[in-house]
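Here come two complexes built around chain A, the first alongside chain B, the second alongside chain C.
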Partner chain A sequence: MSGLPIDFDLAWRSLPELLAGLQVTVLITVLPLLFGLALAFPICFARMSARRWLSLPAELFVVFFRGAPLLILLYVVYYGFGQIALLREGPLWLLFGSPFGCAIVALTFNHAAYMTEVLRGSLLAVPGGIVEASEALGISRRHIFIWVKMPLAIRYGLKAYQNEVVSFVKGTAIVSVVTITDLTAVANGIFEQTYDPFTPILCAAALYWAFINLLRIGFELWGRWLGRHQREEASPLTAEAPRRFGLRRLSSLAKAML
Partner chain B sequence: MTNLSPADIAGYLRQLGEGALVTLELFLTSFAAAFVLGVLIGVITLSKNRFVRAAWRVYASIFMGVPSLLVIFLVYYGGSAMLSAVFGEFGAAIDISPFGAGVAAFAAVYAAYIAELVRGAIDNLPKGQFEGARALAIPPAVMWGKVILPQAMRLALPGLVNVWSFMLKETPLVSLAGLQDLVASAKIAAGATKEPFLFFIATALVFIAFSALTLKLATVLEIRLDRGIRRTPARASAGAEA
Partner chain C sequence: MTPSTETPGAAPVPEADEPAIGLYGVVKLYGSHRALDGVDLEVRRGEKVVICGPSGSGKSTLIRTINGLERHDGGRIRVNGIELTAEEGTVQDIRQEVGMVFQHFNLFPHLTALENCMLAPRLNRGLGKEQAARLAMRHLERVHLADHAGKYPARLSGGQQQRVAIARALCMEPRILLFDEPTSALDPEMVNEVLGVIEELAATGVTMVCVTHEMGFARRVADRCVFMDRGMIVEQGPAYDFFAQPRSERLRGFLAQILR
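Presenting the complex of A and B:
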């Protein structure tokens, strides 16, 4: 055995396979992120409603899908929904009949539950006076929400959103248990063929790391763009800004997970 | 709906109970290991030494940017090779169990998060605490143990509670390395009885109940740790929170 545990030849040969796995991982990240976010809005409105019959189910949804481990959610959807005869004949079988559809459903519900709480926290952080002022100006409720509350809520909730997205990407590693060949599954497969315990897993880890840090940089840029009005006031800091883009900056971004 | 006999149910319940104990044991061991390691790393990396800080940044970036599942697999598959590289012949004789791999992986991953929290908490303490301890000639070990860390823990508690509940939800991952824990037992029971909803949802509810119970305890702990800071009576602030 050489000094380094990595077999570069094997790493190079398995790179196309690993990149194909990364594609699946990206797909299985992006779709639930979109669906989950879309689902989070109505659930959040129900959760914040004063009517108990609306807010209670939403609360239960959040408690269940946030509190249950993702692996169990995946098992429930994958093994559970297949048992329902009614579903087997219905058009929804297109979704629940494939492992990919099941994983999307489980991940979407999980993400929606987390995003409901992120969204609720951000909306509650919007100062009441601003909303009252908008109402006093006769702005319609819909416009207040779109043009007053949401722009502020996005700024308050961006950090929490980023943490949720990053931990969500790491969570997608489990979809390999329902036979989806994502990055983790590809690395596992190469291990089983070669019995090299380091090369495939370390290569997959490097790809995950790159993907996650790309997301972090994206969020960092988005946050800077959203906060551009504040930066102009503190001009001495702007000269420093490009230098703050190092590893330290990225690792400090991961301060809190939830 | 169900066609299970009471004897069957009792049998599966016993199996699930055993699995739950394994899960609990794994979780508590991993959290304790991650906590001790995290506090140590957090305190050590506050050093001004550039190399220590650079090493911390690399460590935190890696373990915060990689799924825990991969770390578990790496330790489980590669653990023996790593041990034999470090300890030679003696290390090669040690067999890595899924339990050991899980504890090692979670300790390595979550120590990074806990160290980050501890560093932040210590940074937020007034500098006078360090200066006062030094002025009173308190030895460093006593300063950390009796002055700095108790205050830092109060500040770090909300973050630690987050790590606690997040880690709890990741413990089932070790079943994928072959550990016979609660989720693995539930999967077997679900497959054998063709009652996946019953067993998986019951398992999910066990996790939710445990998490809710410990969050209640965390609130009690928080009130207790805050007792030196709080001005208003305990009852009033507890009532305002609820």
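Presenting the complex of A and C:
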């Protein structure tokens, strides 16, 4: 033992297994993110509709799935739906028969409920005057949504979306309770085999951290690209020569990271 | 006015003497408040009309009913021979003919000046990118902003933003232009550059309705001035008489306030 709580040899040996677990985690993150987002649009439109028979069910959906604990939601879908004979014999069993399918469904509904609200808040933040100006130009409602409202809403909602995605990634760890071997489950398995309480869990944490920061950088770049209209443009007169990578730059970088 | 013999839905073929804008007994309600209380106003083709009045008098509401941003609750509105009804299609038809400039510019912040001007022609008329850019450039030149075409609104001054907004409206080549207090949100030193551009436009023969408190501008440009108070037109007349010999007590009081 090195005195550190980490057994580097074990960490190295279990790396392939952990990476396989990370792959599952990525899959179980990305699919519900896509499906949930796609689902959030129609639900959001219904929620913002003036027609009560449309907005009420959408509101109930949001209230229910935001309020329901993800763990219990997962249990209900995985253990509960199997009890329904009709479902067991129907075509949907392809989906609900596998733990993976159940997890995707539960996570998707959870994410859709959150995203409905993120989307709604962002759309409501678009200034009414800008929408009016588009209407006055004779632009159709559909085009106003696509070319004016949505581009602005994405800019207003990007930070909230990033938050939701980051906490969602960590939330996926609970899928291990329905026998999916995601990153957390792999780390747990190694712990149970070796009784090393630190190494596998810390390695898993490092991989989660790396994944989330990769996403963060992606968001950062996306946000910077979207925010180009607010930046000072670099005119040839004022643009500074690129500074060399010196101590000054390092310290400012460190400050920015803190 | 002879009574209209057209059947609803007939193709809008405006007669030569048909006014560009006709408001007949227009009423707008906010709850029980009558923001417009039976307004009659006809604007001839090519006429420049300035509307003034104290705040809350209904002048902005009036101008916004003309292109359906506010839906009227009573009376009739005809624009370029099109009757404005509850039907969505009629509003869209009217908006193709009517450009509007707002107090707060309302430019698209995520698009450059050029792209702001290109959006409506591309979407409404299906112009290609290059065609739309050429059109937009032509109108940016008219408002003396060709050099700033590539800038985003956040990088432009208030006066420049308002001139982009004017160019954006011009790109739809409207026959009628509505201005809703176009200089009220501007710093004083930028007012004249915007008024100058509007005056240049006025000389082109387009029909204009402008809500403004710039009385010097009204004197120079307006064929007719309209004074509103409490949702009604109180007095109207040629610009010269309007300022020199106001007939009503309310207009005298108002002019005394703003010309102090």
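Everything below uses one rule, namely that the second predicted complex is superposed on the first by the 230 of 258 C-alpha atoms of A that agree within 3 Å, B and C clash if a C-alpha of one lies under 4 Å from a C-alpha of the other, contacts with A are read in each partner's own complex, and residues count from 1 in each chain.
Following the convention adopted for this analysis, contacts are C-beta pairs under 8 Å (C-beta built on N, C-alpha and C of every residue); 3 or more make two chains touch, one makes a residue touch a chain.
Just so we're clear, the structure is a prediction, and the values are computed from it rather than from any experiment.
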So in the superposed three-chain picture, is A:Phe219 touching just chain B, just chain C, both, or none of them (first/second/both/neither)? neither
One more residue to check, A:Phe96. First (chain B), second (chain C), both or neither? neither
One more residue to check, A:Pro5. First (chain B), second (chain C), both or neither? first
Under the stated touch criterion, which partner chain does A:Leu137 make contact with: chain B (first), chain C (second), both, or neither? second
Specify the partner with more touching residues on chain A, choosing between chain B and chain C. B
Which partner chains sit in contact with A:Ile201 here, chain B, chain C, both or neither? Use first/second/both/neither. first
Based on the superposed arrangement, let me know which partner A:Arg155 touches: chain B (first), chain C (second), both, or neither? second
Touching A:Phe61 in the superposition: chain B (first), chain C (second), both, neither? neither
Complex interface listing, chain C residues touching chain A: 67, 69, 92, 95-96, 98-100, 102, 104, 106-112, 119-120, 123-124, 151-155, 165, 168-169, 172
State the interface residues of chain A toward chain B in the complex, per the touch definition above. 5, 63-64, 67-73, 75-76, 79-80, 83, 166-167, 169-174, 177, 184, 187-188, 191, 197-198, 201-202, 204-205, 208-209, 212-213, 247-248, 250-251, 254-258
For the complex, give me every residue of chain A touching chain C. 127, 129-130, 132-140, 143, 147-148, 151-152, 155, 226, 228-230, 232-233
Which positions of chain B touch chain A when the two form their complex? 57-58, 60-62, 64-71, 73-74, 77-78, 81, 85, 113, 116-117, 120, 159, 162-163, 165-166, 168-173, 175-176, 183, 186-187, 190-191, 194, 196-197, 200-201, 203-204, 207-208, 211-212
